[in-house]
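You will see two complexes here that share subunit A, one where it goes with subunit B and one where it goes with subunit C.
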Partner chain A sequence: MPPLVEIQEVTRRFGALAAVDNVSLEIAEGEFLALLGPSGCGKTTLMRLIAGFGAADSGRILIGGRDMADVPPYERPVNMMFQSHALFPHMSVESNIAFGLARAGMSKGDMGRRVAEMLRLVQMEGFGARRPHQLSGGQSQRVALARALARRPRLLLLDEPLAALDRKLREETQFELKAVQRELGTAFMLVTHDQGEAMAMAGRIAVMRAGAIAQTGSPREIYESPASRFVAEFVGGINLFEAVVVSFAGGIASARLDGASDFVFTARCSSPLAAGQKTALAVRPESIVITRTGGAPPAPGALRGEVVDTAFLGGIFHARVKLASGFVVLSALSGPAAAELGLTRGDSVDASIGPGGGRILAS
Partner chain B sequence: MSAGRGSLVERAAIVLPFVWLAVFFAAPFLIVVKISLSQAALAQPPYAPVFELSEGLGALRAGLRELSFSAYAALAEDALYLRAYLSSLWIAGLATALTLCAAYPLAFAMARAPAHWQPHLVMLAIAPFWTSFLIRVYAWIAILRDEGLLNRALAGIGFITEPLHIFATDTAVLIGIVYSYLPFMVLPLYSALARQDPALTEAAADLGAKPLACFWRITFPLSRPGILAGSLLVFIPAAGEFVIPDLLGGSDTLMIGKVLWSEFFDNRDWPAACAAAIVLLALLLIPLALWERTRSAEPVGGR
Partner chain C sequence: MSGRPLYFRAGALIFGFAFLYAPILLLVIYSFNASRLVSVWGGFSTRWYQALWQNEALMDAASVSLRAALASGVIAAFLGTCAGLALARFGRFRGRAVFSSMIFAPIIAPEVIMGLSLLLAFVALDAPRGFWTIVCAHATAGMCFVAVIVRAKLESLDGCLEEAAMDLGAGPAAAFARITLPLAAPAVIAGFLLAFTLSLDDFVLASFVSGPGSTTLPMRIYSQVRLGVTPEINAASSLMIGFVAVSLAAGALAARLFRTR
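Let's turn to the complex of A and B:
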């Protein structure tokens, strides 16, 4: 089956700035894709290009195999949930939801049924007669969702839909959105700059940086095998050790840590590296294993250090260990493991990288 | 202490507008009401009774007994007044509708213009105010006369052979009113349109509304407060307009402003003129007050 949306080498400029820079991306029927990136990286611009607001300077966007170049927004089979919700203030909740249905020429009876169904879907039964200004932020967000979904689009574009909500409501809504997406089978493209939100909701994440796609993959791939320093740092906590490549062969790279001449780490690396090249070793905090020193010198592959800070975060425990080189490593331990170790500030410990835990970054 | 001073300032802030209203609105209004209840007289001032504070309370009470509604009764008896009112309201209403039609596209284009142009466009919209109103109305005589600019231009391009008789007709009055009051319509419309969130029309387009549907279902209804404000700003002064019908209108152009003028200056019948003014005020204010009432009775709507 061809992908629902094909974005082919699309560039969109504002003056000298390429807000979207040669982006290629595909969205499959029914998938939940998160577009993740820092503020100003071009997420909204890319989403608006798909919805038909603004034209690409070069490249093509195909939806259902059809080139969208000359298709105005009102004829595209996608709907968008605006960051500001953009509910029509002079219409009731019901009329807001029915707006798109009436434009499609749906009969009164069908329209009433669809509106009721949508209100039920977003758990807003009984609010149909309200005006938008009589709704709370969370309620108006639900209405905006219902309105965007009412036409049964093949793709729903969501531009930071949860940004206005407080944390608790936000987490609840994340699950509700996921449930709605599963129930309807509509493809969702969610724009966010919150990596936690992207990880929690999406089946696939596209990380964007300065107008370009830095990496796409499942949340797990993005987290465990970041393709670059940028992705590694942007998604989740990370320890980045400066390193120099020793050798590269058959997709396996070895690198020596700066400031620890005898510490050589070997790992898979997706793109080829040259010996002597500067690189970085990325290790997630939960892959840093900590053991108490037993007086003996550190085992091979371990580095000695001193605990400089601890934090109990409920369920997990963070320890900061200052190595001999001066580099401070962040280690995340599960609650029970931390209790067993009983770490406190000033303890002398050995830190090593757990099995399968490190990545040598290509860039 | 500072709290005491603060509350004094606060109280002054509340009281001052009322003082302003009392001095500049209520007092002149009461004087006009009083004159409208007096009788015309060959005297200086040309009506009786005249209240003199120096004559004491007794004289005041005697004067009050002399007040009567005779000027209003005369208004009711003379069909000229009724026709003048109806004609004024008709001309003002038609002119308001025409002004709205002319102003809406202008205001719309202004609100959609690049942001850095907009302050300049607003300046241009009010630029006519830099020249005297009277001179601008006179200029229209030069344009609309039988041998004026318009007729010569039209004849020049071969569009007409006989001059169009526009000057000294109701059409000329309408043109004058639309021209003179256009900025009063453009500005509130512009501010209502510029305030609209552009995401609303985008959302409508996203939901399948073609440009025309976007306009009629979103932009236009949301600009209603501007339409209303602009229409009132045009209709109310236009209904009492004197200068434009006097200069551009014909002898048969009947507007209450002209009637008022001739009562004051030709007939020196101040009570009749004042009564006519009060009735005009009532005609304009009563529908407005009723409309306000129905609106405030509605559950809070709009924004």
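Let's turn to the complex of A and C:
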């Protein structure tokens, strides 16, 4: 099946700044894609280009195989849920949802049925007669979703739809949005700068940086095999050790840690590296294994350090270990493991990398 | 709030309002005076209102004033709405600040100067002075107020609303007609009523640009007062005050009815 949306080498400039810089991206029919990136990296700009607000300076956007260059927003088979919700204040909830249906020339009867169906979908039955200013933030967010979905678009664009909600409501809504997406089978493109939100909801994540796509992949791929320092740092907690490449062959790289001349780490690396090149070894906190020292020197592959801080976070336990080189490693332990170790500040420990836990980064 | 005693605040309020409204109240009371002498109370009567009804010169002037206010109000509402839209929507361009403060010029400039410049323009255009030159002058002054009000309203609206409408399949014209215009309507109506009131009130502009046979009520009152104040004039003035008050109240009511937040 051809992709629903094909973005081909699209660039959009504001003066000297390329807000979207040579981006190529595909969105498949029915998929849930998250566009993740820090504030100001061009997420909204890219999404607005897909919706038809603003034209690309170069490149093409195809939806359903058709070039969208001359198609105005009101003729595109996509709908957008605005960050501010943008509900029409002078219309009832029902009229808001029916607005797009009336523009499509739907009959009164069909329209009423579709509006009722949408209200049920977002669990807002009984709110049809209300005005937007009579709704809470979470409720108006649901109405905005219902309105955007009412026309049965092939792609729904969501610009940080949950940013205005408090944390608890946001987590609930994440699952509801996912359920709605599964039920309708509409492709969703969610814009967010919250990596937790992207991981929780999306089937695929595109990480954006300064107008360009840094990496795309499943949440697992992005988390476990970040392609660059930027992605590794942006998605989840990470320990980045400066290192120098010792050798590279057949997709396997060896690197020596800075400040620990005998510590050589070997891991898979997707892109080729040259010996002597500076690189970084990325290890997720949960891959750092901590053992108490028994007085003996550290085992090969382990580094000695001192616990400088501990934090109990419910299900997990964080320990910060200061190594001899001065580098502070963050380790995440499961509750029971932490209880068994019984770590406290000042303890002398050995830290090592668990099996399959490290990545040598290409850049 | 301030810690001043209640009677002080109430006193200040009453004094302030008395200062503003006592002369007007006096005028309204004397319009119901049975006596022909303006300063001597001769009992309650509505005879001057009846006399007014029969005073053709005053009634003609009132009719000119009302028709001019209506026509100039409508024109000002239309032009002012266009100007307000342009100012609110054009985004940033070089000289935007200059442009948007230029709309205040006719509000700030002395009326005498506006009247003079309009007169010169009409003479240069060789336009016969009369009813339509008054309408034109009042529309010019009124549209500035409409533009300022409409622009403030539009700028307070979420800029995404029109885009949301377009995203939902409405073309630019439909988005404007169904979203922007209804939301700006209270401001347009308020602006119209303000322009209407200004036109009814105006004396200076009208005296500059009017011609023979088109005398507005304020002009007529002024010329009669120079010959001495009559109770009839009091009655005419009271009616005018009533009109203005009603149209201002209508403006407030319209704003309340259309309130959308």
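Here is the rule we use: the second predicted complex is superposed on the first by the 363 of 363 C-alpha atoms of A that agree within 3 Å, B and C clash if a C-alpha of one lies under 4 Å from a C-alpha of the other, contacts with A are read in each partner's own complex, and residues count from 1 in each chain.
Operating definition for what follows: a residue touches a chain if its C-beta (ideal position, glycine included) is under 8 Å from a C-beta of that chain, and two chains touch if they have at least 3 such contacts.
Everything numeric in this text was worked out from a predicted model, so none of it was measured.
Partners subunit B and subunit C clash in the overlay (superposition on subunit A). In the superposition on chain A, A:25 makes contact with neither subunit B nor subunit C.
In the superposition on chain A, no contact is made by A:330 with either subunit B or subunit C.
Shared-chain residue A:53: touches subunit B and subunit C both.
When the two structures are aligned on the shared chain, A:255 is found in touch with neither subunit B nor subunit C. Once the two complexes are laid over each other on the shared chain, residue contacts for A:103 go to subunit B and to subunit C alike. Legend: residue contacts after superposition of the two complexes on their common chain; A:146 is shown touching neither subunit B nor subunit C.
Where the contact sets of subunit A with subunit B and with subunit C meet, they give residues 51-53, 72-75, 79-80, 82, 84, 86, 88-90, 99-100, 103-104, 131, 133, 147-148, 151.
Subunit A makes touch with subunit B in their complex at residues 51-53, 72-75, 79-80, 82, 84, 86, 88-90, 99-100, 103-104, 131, 133, 147-148, 151. Per the touch definition, subunit A reaches subunit C in the complex via residues 51-53, 72-75, 79-80, 82, 84, 86, 88-90, 99-100, 103-104, 131, 133, 147-148, 151. For subunit C in complex with subunit A, the touching residues are 158, 160-161, 163-171, 174, 178-179, 182-183, 258, 260-261. Residues 197, 199-200, 202-210, 213, 217-218, 221-222, 300-303 of subunit B are the ones touching subunit A in the complex.
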